[in-house]
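Read from first to last, the chains carry the letters A, B, C and D; within each, the first residue is number 1.
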Amino acid sequence: MTTAAPAASRATATKRPADIAFQAVSTVAGVLILIALGGVAIFLVAQAVPAIIGPIPEAEGASFWDWVWPLTFGTLWSAFLAMIMAVPLAVAIALFITHFAPRRLAQLLGYVIDLLAAIPSVIYGLWGIAVLAPFFQPAFLWLGENLGWLPLFTPPASGTGRTILTASVVLAVMVLPIITALCREIFLQTPRLNEEAALALGATRWEMITMAVLPHGRSGIIASSILGLGRALGETMAVAMVLASSGVVSFVVIGSQNPSTIAANIALRFPEAHGITVNMLIGSGLVLFAITLLVNGLSRWIIAKTTVDGGR
Amino acid sequence: MSKRIEINDLDIYYGDFKAVEGVSVDIEPRAVTAFIGPSGCGKSTVLRSLNRMHEVISGAWVDGEVLLDGANLYGPGVDPVNVRRQIGMVFQRPNPFPTMTIRENVLAGVMLNNRRMSKSDQDDLVERSLRGANLWNEVKDRLGVPGSGLSGGQQQRLCIARAIAVSPDVLLMDEPCSALDPISTLAIEDLIEELKTEYTIVIVTHNMQQASRVSDKTAFFNIAGTGKPGKLIEFDETAKIFSNPSVQATEDYVSGRFG
Amino acid sequence: MTATIAPTRTAQNPLTAGQLPRWAPWALLGVAVLIGAAVAGLIAGASGTAFSLVTVALLGFVLYLVAVTVVSQLIEGGRKATDRLVTGLVVGAFLLALVPLISLVVTVAINGAARFDLEFFTYTMRNVVGEGGGVLHAIVGTVLVTIWAAIISVPVGIFTAIYLVEYGKGSLSKAITFFVDVMTGIPSIVAGLFAYALFALFAGEGVRSGFGGAVALSLLMIPTVVRSTEEMLKLVPNDLREASLALGVPKWLTIAKVVLPTALAGIVTGVTLAIARVIGETAPLLIIAGFTTNMNYNVFDGRMMTLPVFAFNQYVSPGVQEQAYFDRAWSAALVLILIVMILNIGARVIAHFFAPKAGR
Amino acid sequence: MKFTKLGRAAVVAAAGALLLSSCAANEPAATEPAGGDSAAPEASTLSGDLAGAGASSMGAAQEAWIAGFQTANPDVNITYDPAGSGAGREQFIAGGVGFAGSDAYLDDEELAGEFAACAPDSLPVDLPIYISPIAVIFNVEGVDSLNMDAATIAKIFSGQITNWNDPAIAEQNPEATLPDAAITAVHRSDDSGTTENFTEYLAATAESDWTEGVFETWPAAYGGEGAQGTSGVVDAVSNGTNTIGYADASRAGDLGTVALQVGEEYVPFTAEAAAAAVDASPRVEGRHEGDLAVDLDRTTTEAGVYPLVLISYAIACTDYEDDATAELVKAYLGYIASEEGQQAGAENAGNAPISDELREEILAVVDTIQ
């Protein structure tokens, strides 16, 4: 091989001190991030270990995993419900903005959507309690009376409307702007040539979308949905404020007893927690961290796998 | 102001891949040397190795020597930054700095290096360089507007003005007209004709008429096949290359029977 | 009247034959809504409940979809009918999504208006019991904490992005890219826990400071800054870097004077959006920045109130005169929304006016 | 051009920030030399910062106390972080705060340890300065008050009684018209001293019907609807229909409340009845000198006593390492226990003012703080 020769030739490119300093600063900044993250990880693990291996108070459950399972379930279930509502809507809105709305309006709508993505979650929480829950409560009663045979709507319905369905709607509203904004970018990048080719073949607008826009954006839709999912999984304050939680594992979405989520549970209980409870809560934070990590990894993997044929 | 370049047995690699093999050329001062050849034969790579710009691509390195008036560009301890200050370059697509005005673009080489210069010296330099690039009369009233507002041909001349503002000894041009319309191309070719009285000029072009019009000497590069290194096939007076080349491949290429 | 004109027009132009006139979908929509209103009125009359606009909208929408699909199927054929159905669905989805968003903004605006007065912006909560008081201390706290978060995360984020785009190769760069992604997934409450643990190490238990909050927020802000800066640096054409290098400009000056200025508008936009994102964070500040009724200008010492925590706290633990507390909570929410919106619009303005003017 | 434009924007922003940071209308001037505020009558010589943390139950009362105390002593800054009893005790033990508010007194294990803020070999004391009745609140159309014994309440909250027209309720309330509707029982979903006191009451008075024991966090298995914080419960009860819950009496507002059966009578909550419950209860045995921890007697049958109360303690050192802190704590706790302080708290938080006898005892202990 040519290993010796290149070393000699490359060595001749001497570096100036300023160059070295600048590169060093940049590298240090990057390494700092690794250190910070390492710090977070070490802290989480160290704090979580006593709860994970040791016994936990009897009232909380038989073991850490017994205790954390309903929370994990609630986290996944609420995020899942939110995604079911948010993804089709977000794709439809993105399509509306990119392909249905007049150009001027579309740009304005784009800004509005971006604005909404930044509304703090406390405000979503306030709104969920003050507006959404009372609005949904009669509907839940009706669902319980008329569709009670469905496992999802087993009565009795909640008297307050602060159910996991309400929380999921809040979550859906929160992630909607994020997914929409990403999908919009992706749809805008559809090669103009493909769209025009479809239209020139006499396709209707919808057929053009199914022929050119959606296939092009498929991986992007999945990736942005997963990013939205990540946000929904980790959302804290809005869920903590809206959801009437009791730590059960139940698929009923209109009842008084709803599974809590990991993040909301931490926010609610950390202030009054002490002793092993702190370790348990941090352990559950670690579980949440692992889930979001998995989800983000999945999204990266999908993007990496599909960009080759997705093209630009 | 202009210097001679001697390329001795130059091999250029990208990582383990040998892109160009065994090039040896003597480039005369105050003359235009054209590199021609089919796409992918390594002519641009050779050009970029003349001011160590190829190193910008990670993993690229060379074996051999390039002498600028006898001094090896690849000698130990040579700073590529200093090399580039003496050997200027004009790129395929005009690339004025979008954040800078016309005036700032011309002064970029000076200002970016934090060199101080009085206002009047700057004005002189701007006028001299823009005149040298045949652009002064077109832009003298709007030196404060962004350089990206000019037409393609003007932008390319602005880039040439920018390159000569740092008073290099050699000007490398990498297909400088390929993104331009015929009229702008003509303007650049005229400019090259004027510039060669002061600078050593090396130009890569895929346009053989252009090579025959502007150059004094021509080097023909070719490649045996994909994955093989590019090689210098023939180097001679331009008139000879285009009328009576000594290698069959050159004749095939210049007469259009190739590829 | 119009119904008789339409067929004659279609007869005139063969290109418009077999096509619904432009007004047809609107007419169908009108009819559908009317029917919906009638049905809703009947229901309201029969059950004695209030007339429900929700019922009108739902019924009207479903009826319209059915009608337009059927009519289009009959006149224009199946392909066009599908197109019309989908158009209806897409527009409907958009309108549906607008409902909660408008409701949210209107609710906050109306409830927040109650205390949106001069006292609210010139008073703190010191010695305030029941009514009155203001959020000046929370606004100052939010501004200071956010500024410090930006001071920490902007340089780190930008230099990391520079490393990734301009220098990074090999495993370190891959690791950083990966872990920046991981970082975006840190739940905000975990960032707060971490900052608390970190400061408790040095300052002992019970430590509270605005700076701790800034550290927690910067943990959330850094990945956003890195991501957006990275994108912007990647957008800077390589031509410019080469042009600068070819002029004999060292690499660091090329980055500092050519690459960064070119990407500046995008970077500033990204940073502004990142600030807008973290300025509304509640959970970490609740844990580490704490809670006070007094003004505190010193981020390094003592508790510091911030707007989101203020809104949360006023809502969650009111005194006997609840309404005064709720009003303050909503007004704080309104102020927060306004700040976020101003930041966002500011980011747009920066992106619009400071972006390098594209040539042709 | 560009940079100067950006620069100008930065200057404007900085100017705005300066404007914001100008003094708040109701804050003392920060830059004035010490003692500058001597215009105030009977100028207080106290100055400095004091931080407290702990039970959120007394958060609103602390607000009133802080306001009252700071008005009298303008150079003092007191903060109270309603972070929760556990957090408050932990921070007090670690020396993070000068005093703690806690729904539970220090246990023996805690007392055996070190207290960072206190002088070596001195023990902190628990002072019952906040008494608050817990009301059982409900929202049933047309019903303002109900009589219930502890067993009925226990059955409702453990899910054994699920309908409002259950005979167990109807028997005790012959006059009320109760609907045939399901009961939504609302409980706190967060860790709470209110829950602890509520379940303690049920466990003590309705042993056979409340088998779940005493806990701070409502376990998942026991059913009912969870709500975050006192406001969450009150919100849930008042916004829902046919709901019942338990909350600080101060927040009961217009909701219907339950009168508890004590002995042969039904006692509605009142401030006096709640304070009486504390006076009727014995002290915790075996405590060190000065500690006033109360062992609430939930099963009392004394007339006019409302035993479903929450006591919150102020925990303070008797001997501080830092004399300045000691001075502040002494003055502040003295104010809280005073008639004026208790009245201020009652007005803002609706707690029951402590009785005069208890006040005497508390003030005697406060006097010893050094």
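Annotations for the structure displayed:
Heads up, the rule we're going with is that a residue touches a chain if its C-beta (ideal position, glycine included) is under 8 Å from a C-beta of that chain, and two chains touch if they have at least 3 such contacts.
Because the structure is a prediction, the values reported are computed rather than measured.
Across C-D and A-C, the chain pair carrying more C-beta contacts is A-C. On a Cα centroid basis, the chain most remote from chain A in this structure is B.
In this assembly, the C-alpha centroid of chain A lies 37 Å from the C-alpha centroid of chain D.
Rounded to a whole number, the gap between the C-alpha centres of chain A and chain C is 14 angstrom.
Per-chain Cα centroids separate chain B from chain C by 49 Å. Under the contact definition stated at the top, the residues of chain A that touch 2 or more other chains are 16, 241, 271. Within chain B, the positions touching two or more other chains are listed as 81, 99.
In chain D, the residues that touch at least two other chains are 2, 56, 83, 90, 228, 232. The touching residues of chain A, when paired with chain C in their complex, are 16, 18-19, 21-23, 25-34, 36-37, 39-40, 43-44, 47, 88-89, 92-93, 95-97, 100, 111, 114-116, 118-127, 130-132, 169, 173, 176, 180, 204-207, 209, 230, 234, 236-237, 241, 263, 266-267, 270-271, 282, 285, 288-289, 292-293, 295-296, 300. Taken in their complex, chain D has these residues touching chain C: 2, 5-6, 17, 20-21, 23-27, 30, 49, 51, 53, 56, 59-60, 63-64, 66-68, 70-71, 77, 79, 81-83, 90-91, 93-97, 116, 228-232, 250-251, 253, 344, 347-350. Residues 169, 237, 239-250, 253-254, 257-258, 261-262, 264, 356-360 of chain C touch chain B in their complex.
Against chain C, in their complex, chain B makes its touches with residues 51, 53, 56, 58, 81-86, 88-89, 91, 93, 95, 97-99, 108-109, 111-114, 146, 148-150, 152, 155, 159, 162-163, 166.
Those residues of chain D that touch chain A in the shared complex are 56, 83-87, 89-90, 182, 184, 186, 189-192, 213, 215-221, 223-228, 232, 235-236, 239-243.
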